[in-house]
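Below you'll find the structures, each written out as structure tokens.
Both of the next two complexes hold subunit A, though its partner changes from subunit B to subunit C.
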Partner chain A sequence: MSMDITRRNFVKSTAIAMATAAAAGSVAGMVGCAPRVNEPINGDSTTKTLAVCRFCGCGCGVIVEVRNNKVVSVYGDPENDSNRGLNCVKGYYLSKILYAEDRLTKPLIREDNSLKGTDEGFREATWTEALDLVAEKLRETWKADKSRLAFWGSGQQPIVEGYAQAKFWKAGLLSNNIDPNARLCMASAVVGFMNVFQTDEPAGCYADIDDADVFITWGANMAEAHPMLYSRVMTRKISNPDVKHYDVTTLGTRTSATADKVIMFGNNGDLAITNCIAHYLIENETYDKQFVADHLQFKSGTENIGNAYEDGYDKSEIGQAVDATQSITFEEYAERLKPYTYEYASQISGASVEDIQELYELFANPNIKITSFWTMGVNQHNRGTWVNHNLHNIHLLSGHYCKPGDGGFSLTGQPSACGTAREVGTFCHRLPADLVVANEAHRRFSEAVWNLPEGYLDEIKTPGFHTTKIFRELSNGNIDFLWTAHNNWAQSMSNLTRFLGRGAEDKRGIFDAFIVVSEVYPTISTKYANVVLPAAMWVEREGQFGNGERRTAVFEKAVDPPGDAMWDLWMLMEIAKRVLNGETIDGEDAFDRLFGQWYDKDAGEFKFGTQREVCSSIWEEYRTFSNPTLNERAAAINTEKKLKMEGKQLAPYEEYIYNHGMTWPVREVDGKWLPTKWRFSYGPQEEGYDQIGIEMYGDKGLRKDISFYKSADHRPSVVFRPWEPPAEIPDDEYPFVLCTGRLLEHWHTGSMTRRVPALNTALPEALLDMNAADMEELGIKDGDRVKVISRWGECEITASSAGRTKPREKYLFAPFFAEETLINLVQQEMYCPLSKEPDYKKTCVRIEKVGA
Partner chain B sequence: MGAGKYIAGIAAVLVAAEAAGSVVAGSSSELLRPPGIQSEADFIARCIKCGKCIEACPYAALHVAGPLNGSAAGTPCIDAREQACRLCADFPCVAACPTDALRDVNKRSDPHMGYARIDEEVCIAYKGYRCEVCYRVCPLIDEAITLDFQSMERDDIHTKFIPTISKHDCTGCGLCVERCAVSEPYVPIRIVTLAEQAKEQTRS
Partner chain C sequence: MVISSLVVETIPEYTEAVAAKLPGLDGVEVHGVEGCKIVITIERPTVDESHDTANEISFWEGVLIVNLIYLNFEDDETIYPDGV
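The block that comes next holds the complex of A and B.
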């Protein structure tokens, strides 16, 4: 298939493309007629393919240039509407991630278990040996005790791969012990969206930036973690000097450095500040009365929920009650807010009364457009779900929602946390497309799409182990089989002292479990593997990512994987066919029932000639979840149970290539597929409004022409969520508050970016950013090695006051990209009791100079 | 490791050769000197090539200028791309200097070894990529290097984040040169040393 890259506006985009191609070291094909995807450029053997950046949730489109089966350059795709032609420095060097010398190219089998935790003790194996062994161990565990197996996936897993994985786990193994690393970054946002709107993901889009009058970043170092979106924010700011940016944060960052106003807080003060804003909106009658009357309902929920100190927390009385809510009146909600005066919010948070009042006045002003961005500071929080609630609350009460430039936007960290983890539903409690295992109608609908007998999925009506639970039970010796892919858990999980078996004697189950790691490079995780499966990386196969603005995009296969490395989807099929061997569903071979339409198990190959066709065919089944009319049985359930599955409608596969990505819901109008940029906001579909969705399910004529048609009674829930303290409070023994996160040059655990020489030169070492006064008090100089010690563990790192981040006294920042530092040895394992997302932002520690 | 040293060796030879050229041209060396240098002339007059500053540097950032440097051979210098000066709080190199060739530095912002200069043609920040590595690694971030936000022609969603160097505040430590993420066709940031500045002034 060939697609015209420059189908639209070639002339307009040429300037950018020329500049970027030149910058990336190639001008091939940039002169003359429009270059075409997958077709040789006249005069040389260069081909160009369409792709999406491998790194963050911005989801920047890129064009990949290939010569002699090697990626020679990558540059921004001018026609991907998420980035329109530019990248950050990581994207600039994307081609290099494929070619570090230590790529894994052969399956490895651990022969010496006493060397687990090291790179030693492996032998190279054939695929048949490795797959037989993995399948034997999985089947053995499955037959013996299904609760003792788990798969840990990722927001970096391409969409159809995640879909097939979830189908194998949920329908094939009838197990809910599958969870993604997105649990570590977006779970609090997800539970917030689901509780408030009953549908996941932001209503707005990146184009909101172009219209906003005020930006508020809440717990978001966007300047480093979302580089190209921040470029767009700065574009809006310099084009209009009246546009203001408020940074609400616990830590001075590069984002704070460019903000017009920085509001520094601590002690979970975000909960108090947001409730304070809500309080005065009501007290001063500056809330949007018609918006409240037309759109909202009010609730309260379980409070005083404590923290998950014990492994059994989720099953405790309070642990089981955390999700419960009750309807309350608007007046009762107002009453609950009354304690949240400026003085009280200031006292709790440390922010000044004047600063909180200034924030309130923004929301009280109906004549400005406010775009709030939030990310890990909000989500990785022991009350992360509650803060998400409160941010939605103040936007909803004030009517600042769902209009261009005016709304709350939860930023995503991984390239397909939305597209795969959240939309496919590779979580322990989910099914595809916002469906959950605990809901009977949702199971019936999924059975219909998957062609399973009615009631077949009732065996998985109870959610399985979430991420921290998986690793807690692994350490407890209660997991016998763990398979991980597209992540590096041995570096990214919290409390690694426990989870890597370096702590208590009775928490060393990691050494007994059979662990399978699908990977492209050696990582700390592969050191703990019993089998390493070498995987095709990024554009070595075709895949799909869904980014932070609901944009689904395809990356084409550009080159072959090295050595014996294989497509993850092939590995999955080969393992599934072995494990399901002899099993039946409804009298039919179980593997064939689930995967036979795509894979010939006897031939050991896909039933299509190209990966494009394989992906397209899987996509078509996945797409049925959001296009129920494609399946008669599903359509009937959708209608009868009012599931409104079209709320997340997806287009045929080829549309995503042709259009360089599209934001869902995608609607068919007069034979053309049109994206939606502003969900729930009525207006012409052609302009990106949710016309079709509202005409299908919503109401017209309501305040601001908005209709929240996916919400119960079409009314999002404003739930009162009080202030409650962090899991750890600084004391004499552990006086510092440690925050970890990403920096621009390296992505997550650095397994890709640290292998790019230019990026490693740029940022070769993880530093502990400290306040100069703290360093002086402790007799620590720049460059000194220090120990970071918490209740959970300790690590060594180099101290710095150079100021990339500027912590206040008694606050610290360290990035988590450095394997040799392994800062997560120190991190607490407490999580938000609702979302089960760990808090990586405020473990209490002390600092000791090494050798002092 | 071996390759790294080999490349470093080549770099050193190139630096030396460049310096030698300037010697031939009849002017003094343009080498990047340790912190505490007051001027190239003052430094050359006082430096007795004892090597004590080189021994004192905890980062091994100081090297002996090679024989191709004419009269500057044997004096201390820095190859910033290989290892920049890290502006130690107690400046052990300055403390070790027996002749006050290096002197009068007490805090991180005191030294003036030179200032950084960016080649706008090669720097990718000038093309709109979000890079600015030099800015974020600068020990005097937001002082010696700031960001200037410039709109891009025919592009309504991107801004250039231009690293902008304050000649007055830049110490010339060279950490921006060491860390620059671009090396093709060459590293677009370099330190204009005191000697070079003196020569530029003479020319103008």
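The block that comes next holds the complex of A and C.
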């Protein structure tokens, strides 16, 4: 039945009022439009719930309206400070993605491994049968050889779900073979932050956009990958015509199209350009001398680190040495930079001397505010960690850091790449809250929070398999049990020719391993599954995401999941209780010791009546990591070992709902919880500065009122990182450089967005974007089918010179959203030796016309 | 009808021309201009058609970005064939 005229008028006038307020940028004018509690509007049965967008790392707040257990409207949440009421056009599909026809609603089991790679061989099963089978296989592998099991998680798992999963794997199974898909996008940023600052966090926030005089995008197609933030950049530029945007890129994109200046480079030239800027800052004495004296220390690290071609690279002599650094003097650092003249940087990168000089002059100018944004072009790089270092280096040397509008910001890709993957301990070397398994004090602290006997976690002091290692060992036949959740590894991994068992005969372990996939829709990964677990999606359960500016936000349960689809947290509890059956910790039942406070294993249900209470209870335990005074034993270790765990303090659960999300550290001042937006920068906490943190741990009176109190000796490390070449250099046989990436319409390998007809119409096919001159030379016309061939594999694709990106000659771009194209069949599997993040941006290939 | 409201951000020199052109699209109404931002509603039978319209606008000359603000789709029969 259609809306009646009264409701229709109401809906339309609400729509107009909200858009008018958003256009005016008047958040104040919109307060009251968003609810703090569920309340009926317009006298009907519509309820409003708080949510966060399901798609990208921007983490936009939305409000969801429900009638009769169905989502009927969504709108940008004006009280969420990340997006202030705005959404990009993907918002049209936030709810529609819940309702595509092929939602997984029943557990599926497949016994015949020979049918892997197809949709055949599955039968519907009951939950009991599916859970029994998964638990039996996991327990069998666990008891036989713990090194042969693995879990691959996701930056799309809500925070408490990721936290509980990590606790089960690390404390329950005593296994470090757990890693998230965030390894594929954010790992280089993480290692960069840890090496430079000893803490994984950006100094600034999204509001920096509103104050910047200059934007520099480095290897980032923000216009497509972070549309809401790019909209904010546009608004800033329009408000002040003097604001300029430089796009430093290897490829023409929609972002380049609106930039004031585009600087094209190649050949890992980003390393040379950044070192060149640093060189002239010192040579011309235009660096910030007091900033350097007050805040920085200098180091060099292991160089000539080669490439991680071999499965055994990490354990090789050089692989073991890649993290090592030594202190050097400022003068020694300056000496190392000397070769990086404009001419040398230009010769390596292909960018002009004048353009590099123009970039240098920005950093040399203390009177402007520079906001750098970077993402996958920097992180998915065979020297990804090093480029992260060098970007921090030029911002630090020039003193362009930590102040509103003035700093470097690493953009993230998934809705909870930060809040979950990076922060709750789902990496193979980590524990919750930035703690690492290899550090004894960190293990003691985690044991305290988890109520484990002292020394219990010593069994996991050695990191487990990182992502590429998991899939390498799977292909080698060394993994017997693999469980993946809310990712699509069979499409997003590099070198799929190997990992899908389509290459060498001795690399087909995928067909023998027992594979469990938790998902909401069929994907290419479910084609390789033995068991598919149908999950509740987005607002079908309560959850929490942590976005790029470290804003934690809650999404409430708005509707029920379809069919037999269930909450991931319930599946985890049910599998954990079966696997841990009969096990004890310190004489107590192991499951009860770890999860008994939340889950009644005999009743098979949570001990609380609502998901709100379940999440809140798990959150309170997780929050203890950053509020150690909540646990006496943890507090003593925090003090004795100077862990500074309050550095990323989280607030009580309900605060995130009342405040529509908050950026950490969140501080309690006079009974009120206040977020921090400019970390390490002293000023009133009420205005978003890091007052409490600096008063607790830092120093006052230093240059720009900054105190890097989380860094060793309160001094971030400027580490000299030289230029080293890409893993592959174009030659006569493979003359093209192939980059893969995302485009606006399709997210998360298209597993949700491709089910939406209009998004599919807008971008129906993964095209190989080519330069017209290259096409002419090879006799290829727009729409011709071509083969892309690398040393690793090949795939067929349609070529175009009119695609979304505009590559230069000898450069190519293809998006990876299309299952039928599967461009990652040709991608190399090399990763940055420090971060273990694969390089998806420069595999060398040749192009052959199909049928020529 | 699926009702959505949007803010269309334009290059300043194009604001007037874009605002004048928008009502020519099926189901589009202009409700105001704030600087170079244009407030519009789109009323189309389905979410897909609404998205098509928004997407088309985003490719117009002079349009920088299209922000979705509010969307109601309780009348979309492709999602709810039996109503809500």
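Just so we're on the same page, the second predicted complex is superposed on the first by the 813 of 852 C-alpha atoms of A that agree within 3 Å, B and C clash if a C-alpha of one lies under 4 Å from a C-alpha of the other, contacts with A are read in each partner's own complex, and residues count from 1 in each chain.
Everything below uses one rule, namely that contacts are C-beta pairs under 8 Å (C-beta built on N, C-alpha and C of every residue); 3 or more make two chains touch, one makes a residue touch a chain.
Fair warning: this is a prediction, and the values are worked out from it, not measured in the lab.
Colleague: Does subunit B (first) or subunit C (second) touch A:Val845, or do both, or does neither?
Modeller: After superposing on A, A:Val845 lies clear of both subunit B and subunit C.
Colleague: Thinking of the overlay built on chain A, is A:Leu435 touched by subunit B (first), by subunit C (second), by both, or by neither?
Modeller: Neither subunit B nor subunit C is touched by A:Leu435.
Colleague: Which holds for A:Ala802: it touches subunit B only (first), subunit C only (second), both, or neither?
Modeller: first
Colleague: Would you sort A:Ser231 into first (subunit B), second (subunit C), both or neither based on which partner it touches?
Modeller: both
Colleague: Between subunit B (first) and subunit C (second), which, if any, makes contact with A:Ala220: first, second, both or neither?
Modeller: neither
Colleague: Taking the superposition as given, does A:Asn68 touch the first partner, subunit B, the second, subunit C, both, or neither?
Modeller: Once the two structures are laid over each other on A, A:Asn68 reaches subunit C alone.
Colleague: Looking at the overlay, does A:Val517 come into contact with subunit B only (first), subunit C only (second), both, or neither?
Modeller: Once the two structures are laid over each other on A, A:Val517 reaches no partner at all.
Colleague: Where does A:Thr258 make contact in the superposed view: on subunit B (first), on subunit C (second), on both, or on neither?
Modeller: both
Colleague: Once the structures are superposed on A, label A:Ala535 by its partner contacts, choosing first (subunit B), second (subunit C), both or neither.
Modeller: Once the two structures are laid over each other on A, A:Ala535 reaches no partner at all.
Colleague: So subunit A touches subunit B in one structure and subunit C in the other; where do those two contact lists coincide?
Modeller: On subunit A, the residues that contact subunit B in one structure and subunit C in the other are 12, 15-16, 19-20, 23, 85-89, 91-93, 227-228, 230-231, 234-235, 238, 258, 758-759, 761-762.
Colleague: Which part of subunit A faces subunit B closely enough to touch in the complex?
Modeller: Spelled out, the residues of subunit A in touch with subunit B are 12, 15-16, 19-20, 23, 25, 83-89, 91-93, 209-210, 227-228, 230-232, 234-235, 237-239, 254, 257-258, 743-745, 758-759, 761-764, 781-783, 802-804.
Colleague: Touching residues of subunit A toward subunit C in the complex: what are they?
Modeller: Residue positions touching the partner: 1-3, 8, 11-12, 14-16, 18-20, 22-24, 65, 67-68, 70, 72-76, 85-89, 91-93, 95-96, 99, 223, 227-228, 230-231, 234-235, 238, 258, 756-759, 761-762.
Colleague: Mind pulling up the subunit B residues that touch subunit A in the complex?
Modeller: Residues in contact with subunit A: 58, 86-90, 124, 127-131, 133, 136-139, 141-142, 147, 149-151, 153-159, 161, 178-184.
Colleague: Spell out the part of subunit C that touches subunit A in their complex, as residue ranges.
Modeller: Going by the criterion above, the answer is residues 1, 3-7, 9, 11-12, 31-32, 34-41, 43, 47-52, 54-55, 58, 64-75, 79-80, 83-84.
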